[in-house]
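Going in written order, the chains are labelled A, B and C, and every chain counts its residues from 1.
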Amino acid sequence: MSHTDSNRWRTVDIVVASVIAVAFGVVFWAWGLLWSATGAAFAFFPPAQALLYGVWLIPAVLAGLIIRKPGAALYCETVAAIVSALLGSQWASIVILQGLMQGIGAELAFAAFRYRSFRLPVAVLAGALTGLGAAIFDFVYWNKAYELTAYRIPYALITIVSATVVAGLGAHLLTRALANTGVLDRFPAGRDRALV
Amino acid sequence: MSGVVLRGFGWRHGGRRAWAVRGVDLRVESGERVLLLGASGAGKSTLLAALAGLLPEDSGEQEGTVEIDGLDPRKARERVGVVFQDPETQLVMARSGDDVAFGLENRGVPAEEIWPRVDEALCRVGFPYHRDRPTAALSGGEQQRLALAGTLALRPGLLLLDEPTANLDPTGAALIRRAVADALDPDTTLILVEHRVAEALPLVDRVVVLEPGGGVRADGSPEAVFAAHGDALAAAGVWVPGHTVPPRHATTPPGDVLLTADRLGLPPRLAPTDLRVRAGEALAVLGPNGAGKSTLALLLGGLLRPRTGALTASAELAGRDARTPPHRWRAPALARRIGSVFQDPEHQFVTGTVRDELALGPRRTGRTEAEVTATVDALLDRLRLDRLAGANPYTLSGGEARRLSVATALATAPRLLICDEPTFGQDRRTWRELVDLLAELRDDGHGVVAVTHDADFVAALADRTLTLDRPSADLDRALTAGPAGVPGSVGSPSGGHGASESAGRPGADGPPSSPARPGADGPPSPPPRGAGAP
Amino acid sequence: MIDLEPVAAPDAPLARRNPVAKLAAALVFTLVLVATLDPVAPAIAIAIELAVLPLFGVRYRVLARRAWPLLAGAVGILVTLVLFAADRSGPVLVDAGPVLVTQGVLVTALGLVLRMLAVALPGIVVFATTDPTELADALIQNAKAPARFAIGALAAFRMVPLLEQEWRMISMARRARGVDAGRNPLAKLRLFGSTAFALLVGAIRRGTRLAVAMDARGFDAGTPRTVARRQHFTRLDALLVVAAALLAGAALTTSILLGTFRPLIG
């Protein structure tokens, strides 16, 4: 299977990565409201709210799988965070730092395979690592004041599980579904379809 | 300033077996003005994309060569300016002036030269607003002009225009054509794609006709080409000037009323309008860009909830739902009764192949699989989409997509069909096919409402016309001021504001009788006639 | 709904500052505050923020509208702390089974809630007073961000209002074709999902076409770009960043001097 020969981003790479980021920036913004609104619903076991977390991490894995260029995951997750801030996310600039942390996680997974493999295991690993990035940030920043074993650790673990399933597996399935519609024809991810 | 040479050029889009264009040998000298013609799907847009260097190597297969001034088009992009069929996807920036400046920045034009050139380009196309005007707030025609300005500002040696006036009202289209004529330097080469030959002829001195199978069918001065090949070209689908089409008016008087709109409106998009739609009658809705025609179509189609007035369906149309307004009907019932064709075909596509797209409606309305297959095959054949049955709807050419979207609505044979610009971008042959299909539907006793800018279409099919006016600030004021504001014309219960109707049957040989405009502007005019008033 | 227009008076003295300076100031201010868990430093910071708000031309009402979801967040923090606080020192105020509220818990809760507000407000103010085009321009010209990426992101950002329209169009198209969910909640969810997917597909398709249109106008042709809209980073802009650092530092120092400082790490 031949890959794009250079790691240089074409205009479509940039624009489509940005479009995904913008679309998910809107989702983030809405998800933030949902998160705030469902806080009370998880009162029985607040760490379980981290189950919702994975949705915030999809763009990192998705862009990595579609664009297949170094930096795609980091760029997309960060821009999505900036967009949600521009739209008026209640967490404002802090989400940019979070976006960076989360993006780096997924980026490391793709880099570990030298941007050569984009199969399911890699996607799942990217999901897990972006979840790890998110979990570390929250462990230190948001959850410092909570009990270690009863809250911080379960929260971190649930975040990673949610990321692995929703962002990792979810982005893999989403990429496949997108490829089937033909919109990814200009990307290697879209051309894999013909081989199946 | 730029010359074009094509030698045996061909392009096949990825995923297609057929070549979009093939075997084209063509030489265009610097400063020539060429009208590129050909049936829908003949490959005109593909050829323009090739000249602009915009066919990505990885998205298809090329044959032969293209050269702009002896260069590969991908290396000669600096010399070429292109305006595509759809202006909306071409605007990049949030403010109009910034959008024109975008290309100049990319080309490295010194900063102090940029704004004078932006202003000059905006002025040349007659852009009516300030540079700061948000691009999101522009109407289709204004976007078209802005896209043209963004291209002209680059002073291209070769200007490529792909149906630059599709979807514009006649005034707007004339403005764009004038803008192009005024804006062209004598040494700029122009290649224009336009189905409506008569309007485009003043701009060009040469006509090239592409043959759908491959190659160039005819080439030369317009007079020579049409004199030598006129009849053959007309039969093949080219709009040869002087070749008229026979009208298809209703032969029987219209039947019962299907829908009644009573001061139906959605301010500020559509002022309250009165209207009756009858079975066995084709009603054309006319009016300038932004008058609210598409909004009216969506309201009549039961897809938008009206903010003012009411829409009532007769028992004949609505069956047991006659007491609820169409926008509250369940979707399958709606699709059986009222079919809608959207202005932008792509807005309408739901599935992944042409065949599924056509089968969706009949399936949802509960036909048997055999019936579905029969309907789909018949439509594919009549609208010449059979070759494309497996294609993704979003990869169709402009005209093919339009045909498909009309066909999807025809597939459920709804009692009432509402189409928004059903004939734009069509070659003559499919245009006639569409008119015939709609006429048959009407003659079978169905109602047809068509929003259109196409005077030929009105002349050929419409039994009655309704003309909407642009809802202006004046009108709003008049409406809120009540009867005192505009004596006589406002407040009468039957008054359709901003709309006027002409029941006269337009002749086949001329535009429909120009309807009276109800007066928001100027002195009191006669009160608008109520739609169904005897 | 989503409003993209800056919601502040554009000629307010600080709103006019360079977007990069505003962003940097907000980040610096935020980062300093992140370092502590005590209630005093964020309280001072909030006072400072509210005091400079008029200089940014943001009205308190607008701020309240953007910030209200934070209150829900505050409730969440409170609930979680009551159940899971690590530090339950101090006199017991309420003791009912798992709910053990001590003075220490309340102080921590106050600290966390105030910190959340203090950290969020600068960002809200900056983004409420910044035009995306100017932010991209300033990022390119003053922060040396790569132009292709900044412009690409900006062009994509223009799609936000279009997404909303597109959503309505897709829903109408489905309805016109006989597809709806009726009253079945599961079918509703499925329809919602498929509409959202169609929206993403449409957005990506638009993106590919936009990229072609951008290439047609010489984007990424290799020619060095010039800039039509100059953004300047003046001494006043630098001053804004320094002032943000100093003010945040002052809040932190006060807290240390008062002995209330509780570092995040350690």
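By our rule, a residue touches a chain if its C-beta (ideal position, glycine included) is under 8 Å from a C-beta of that chain, and two chains touch if they have at least 3 such contacts.
All of these numbers come straight from a predicted model, not from anything done at the bench.
**Q** Between B-C and A-C, which chain pair shares more contacting C-beta pairs?
**A** Result of the comparison of B-C and A-C: A-C.
**Q** State which chain is most central when centres are taken as means of Cα atoms.
**A** Going by the distance between chain centres and the overall C-alpha centre, it is B.
**Q** Using mean CA coordinates as chain centres, what's the subunit B-subunit C distance in Å?
**A** Centre-to-centre distance between subunit B and subunit C: 41 Å.
**Q** Can you give the whole-Å distance between the Cα centres of subunit A and subunit C?
**A** A distance of 18 Å separates the two centres.
**Q** What positions in subunit A touch 2 or more of the other chains?
**A** Touching at least two other chains: 181, 183, 186.
**Q** I need the residues of subunit B touching at least two other chains; which ones are they?
**A** 394
**Q** Quick one: which residues in subunit C touch 2 or more of the other chains?
**A** Touching at least two other chains: 132, 155, 205-206, 210, 212, 214-215, 219-220.
**Q** Please name which positions on subunit A make contact with subunit B in the complex.
**A** Spelled out, the residues of subunit A in touch with subunit B are 180-183, 185-186, 194.
**Q** How about subunit C: which of its residues touch subunit B in the complex?
**A** 132-133, 151, 154-155, 158, 161-162, 169-170, 172-180, 182, 198, 205-206, 209-210, 212-221, 223-230
**Q** So in the complex, the part of subunit B that touches subunit C is made up of which residues?
**A** By the definition above, subunit B touches subunit C via 52, 54, 77-78, 80-82, 84, 86, 89-95, 98, 101-111, 114-115, 118, 135-136, 150-151, 154, 298, 301-304, 330-332, 334-336, 339-340, 342, 344, 347-350, 360-361, 364-365, 394, 408-409, 412.
**Q** Can you name the residues of subunit A that touch subunit C in the complex?
**A** 9-12, 14-23, 25-26, 29, 32-33, 36-37, 39-40, 43, 46, 75, 79, 82-83, 85-88, 90-94, 96, 140-141, 144-148, 150-151, 174, 177-178, 181, 183-184, 186
**Q** Going by the contact rule set out above, which residues of subunit B touch subunit A in the complex?
**A** 14-15, 56, 58-59, 352, 392, 394-395
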